[in-house]
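Notes follow once the structure below has been shown.
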Amino acid sequence: MRRSTTFRIRTLHRRFGWAVALAVGLVAIVVPPTMLGVYDQRQIALIAVYTLIVSGLNLSFGYAGELALGQVAMFAAGAYVSAILANHGSKDLLLGLVAATLAAGVIGLVSGVPGMRLSHWSLALTSFFLVLLVPKVVSLFADQTGGLLGISSTTGPTLFGRPLGFTGLLTVVLVVTVGWLAIARNLVLSRFGDELRVLRESPLLASSLGLSTFRVRTSAYLLGSLPAGAAGCLVAYLNGFISPDSFTLELAIVLLAASVVGGSASIYGAPIGSALLVLGPLQTSAFTQFSVLIYGLFLLVIGVVFSGGISGLITLVARRLDGRLPVVADAVDDSAFAEHAIPGELLGVRGLTKSFGGVRALDGVTLEASPGRITALLGANGAGKTTLLNAVSGFVRTDEGDIVLGERRIDGEPPHAIARAGVRRTFQTPLIPHSMTALETVMSGRLGQRGGRGLSAVLRLPSFRRSRRADLDAARGALAFAGMADVADVDAQSLPLGTRRLLEVVRAVAGEPRLILLDEPAAGLDDDGRAELARLIRRARDAGGTVILVEHNVDFVLGLADHVHVMALGSVIASGPPQVIREHPEVINSYLGRRGRPESRTEARAEVADR
Amino acid sequence: MTTLWAGLGAGAVYALVALTFNIPLAASGVFNFAQPQFTMLGGFLAFEGLRQGWPLLLVLGACVVVGGLLGVLEERVAIRPFVRNTTSRAALVTTVGFAVVLEGVAHVIWGTTPQAVPFPGTDSTLDVAGGRLGVLDLTVLILAVVACLSAEIATRTTGWGLANRATTIDPTAAELRGIDVTAVRRRAFALAGALACAVGPLVAAQVTASVTLGNNLLILAFVALCLGGFGSHVGCLVGGVAVGLVQALGARYLNGDWALVLLFAVLVALLLARPSGLFGARRQRTV
Amino acid sequence: MTTDVMLEVEALRLAYGDLTAVWEVGLTVPRGTTVALVGRNGAGKTTTLSGIAGLLRAHSGTVRLEGTDVTQLPAHERARLGLSFVQEGKRVFRDLSVRQNLQLGFFGRRTPRRQAGRLMDEMCTRFPPLAEKLAQPAGSLSGGQQQMLAIAQALVNRPSVLLLDEPSSGLAPVIVDEVLALVAGLKADGLSILIVSESGEELLDGVADQVVVLDQGRSTLTRSAADITADDITRAMGMGASTRP
């Protein structure tokens, strides 16, 4: 009974979380306009507006890991666009919302694309600059914006030609907010959300799975700027008056504090953080002179002590209540291996050369790896094995030579394009994102595929369901292929090292790989772990995969590989089946070790190393 | 010509603040958002000190001490917990947090009213090359040139600079040679803090001490840093002066609001065309 | 009699996160001797050196330098006590000049200015190719010269114990001979050396006094170099029969 997963809070959350959220959302839309007093209604409206902005900030900061401080500028843009439209006689709320969102998107584009060129603080500061520009731009166009004095007359919005009262407006505010949260939730729980999680964990992993990190980051930031624009439009009508005083740097800090307090990497962190700040520090106008100090302390303390915020705390409590996850001692279930086809293709490497500074890491390497075979690269440290692996997967740009996979030449292409061409790899230290189950981790192997994002994900269209189903089936299939169906729902990072290594291979298998690169998969494993790994690698070969194995462990390699290339000083010094390699004199000399060195190669080698 | 001189005076300030960004950046790779708030604080310290009738040197000394100590505190509180985790964004938030705390403290003590800092000699000007140059601007300019050049020279020639450079290039190898990497970082924060705070009185004398001073400096010094190139101390000087001149000329021939928009355009163009800045070296990526 | 054991490692266990790379390693380096640490790739040799140098905190066990327990000290303090670690792969500061690279050696032990000057002169005499290129960036040196620079950098610290991680890796065989000759020279000068090698073969040609074999994170054999055969090593590395002690 203790092992049953049915009653775990996290399982319940995964299955029925949407229903609870939907119910809460409906209550949030229905109750305030009908049952609360005017003061409370205003507070709720303010919370909703902040929620919109903070939720956008979270998409960029919490999920994509890029700190942006410029949401206030998009907020202002949305507000001014709506106010100017209203002053020109167009008070239709729908039109205002669309125009405001578009304006925010344009500003996101202008600040995001250059800001992303240098990472981290660069975007933060570029977008912070935007906020500083708000009063300047407003006073430059004073005839339209009312300058520093502000602009009024954004009252009496209409919807479909009918005037909205305050309660009507409040209902729209709540519908927009709840609707956006639903959109954000659907996006986060789609391939796009998985892309963000993978990217935040490691840009290296993201590009090895076929993602352009620049595209993913920029689209998260852009998308996050849209709700701020909508919020601007709503606030313009709610207040009936706007001026640059509403869009200050201090507000930018308040929003960041709300994000951090509520939990940046969470959909529900936005309403929680906004509500706390609106009902808490923003309320106590008596202490207004302390407010800045308090926000600063929030950022500092929560940043240092607990980076998950309140929603992170809730997750943690739920996890505690669930008890510790069962340790999966024997992850592989011998009785349950399923079949899974792998579309391996021929890899041809010809005359590959790469120099780092004065050292030739690759010196004219030529080799082939064919489908249905395990091709191993053996060699001492610095022999060039890892450089070759990095060259094939695109992380290292080669100087000369070509790399052809199937019919397609892949050298010179960026890593994410090569990954999309079907090259999958594992890492020496398993790269597995936080807070993903084993199943989700394996599904992330299919992120390079088309579909399952954007509008189809937001509306949960049939095409989204199809691609989701395909991902799930492929991931379950790949897990079953490895006999690991049992661990599907286990938090992947809590798995032991050996199982995480297997999981990386399974993730590669799930992505319909044309070539699988394994970078020292046996490092740090004991005999049992190596045996399980060897079995999985053999199964991947037998299923049609093209497998390249880089490994130090001689016994492991010679027992597993169909064909071995031995490298030394950047070139292949011997090739053949394992039994030939074991007896090869030069291999014994340069790698396995015996007394004496062959004189024939000495001079040529000396020349190479001295270059 | 007067406009040019004024631009140089303002640019020198941006150069100095950019330099205080650069020093910790070069020694530890951390961008310290809070740096301009040290300057803001220095301005208020000067206001307070001069009101109490302290001599000028004492004011500056107090700034150096306070700034240095705050720098050490910030390194301990906001940076060190995240040093081992290099991919962490947490240090980004905590330096912003530290900046806001400093701003909040100033807010609590001095309120939002800008305070004039009656620095001796503030009003006197010199006629140089057909324009009027404030003595104060000249002082700041000289200070900026001296500080940036000596930082550049110190980085190239002294043991301190060598330890900094080694730490940035390869912290592990530096540690193995006996360099205390934590101490290197702490020293960088202390130095940057002291310098930033000591610049405060001069800036406050130029434009008054106010809580919002820090945020304006943050942006303008950042643009200066981008122009000059991260890691180049001489680049700070050139970038800062360029920003000051664009701002002054923009304000003279368009108006003050356009000047800032213009600077944003410069920043965007620069980031798109040459993200490494004018003096920064293109970093080679190694996997 | 002062301590004759310069470096003593007892039951050292080291891990990267949950990946235990070294389970139990023990070894001693007596004054003026050279100990070779051999083992296959992945046996934990480099990890052991990192643990001795302080780059990796010990999970358990102790490291003593000239009788002082340094297990809890950070790497830079161990360097200041005279522990010099030459990492694998010609790890010099490529963007810094050769002279600056040598000067970095002085961040270890306190060295009076005059002695520092003497040491620099000594390095220039010992490594003539470096003396010619003092002002050039270290990255412009050839592979062998970079390795010499890395060793020279460590020698400037007047090491009580020198740790060398695969000094011959990635070098042409001719250069390897030069590097080995250099190590032999250092030994003759009375330096205590712990040297890591993948096979240990070349070290048996007279450089090492003692051999410690490492397999799968454990020291499996310690014997004087005079009494050991290649077969002993192969067996202790788990290469021959699959027996494990």
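The first chain written gets the first letter, and so on, giving A, B and C; residue counts start at 1 in each chain.
Here is the rule we use: contacts are C-beta pairs under 8 Å (C-beta built on N, C-alpha and C of every residue); 3 or more make two chains touch, one makes a residue touch a chain.
Please read these numbers as outputs of a predicted model, since none were measured by experiment.
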Central subunit by CA centre of mass proxy: A
Per the definition at the top, count C-beta pairs in contact and tell me whether B-C or A-B has more. A-B
When centres are defined as mean Cα positions, the distance from chain A to chain C in whole Å is 41
Mind checking the centre-to-centre distance between chain B and chain C? Centres are C-alpha means, answer in whole Å. 43
What is the distance, in whole Å, between the centres of chain A and chain B, each centre taken as the mean of its C-alpha atoms? 34
Residue positions on chain C within touch of chain A in the complex are 16, 18-21, 40-42, 88-89, 94, 139-144, 166, 169-175, 198-201, 204, 230, 238-239, 242
If you look only at chain C, which of its residues touch chain B in the complex? 53-55, 74-77, 79-80, 84-85, 87, 91, 93, 95-96, 100, 103-109, 153, 157
Taking the touch rule as given, give the residues of chain B at its contact with chain C in the complex, in rising order. 159, 162-163, 165-166, 169-170, 172-181
Which residues of chain B touch chain A in the complex? 31, 33, 77-78, 81, 87, 89-90, 92-94, 96-105, 107-108, 111, 212, 215-216, 218-219, 222-223, 226, 256-258, 260-261, 264, 267-268, 271-272, 275, 286-287
Sort out for me which residues of chain A touch chain C in the complex. 357-359, 380-382, 429, 496-497, 520, 523-524, 552-555, 569, 592-595, 597, 601-603, 605-611
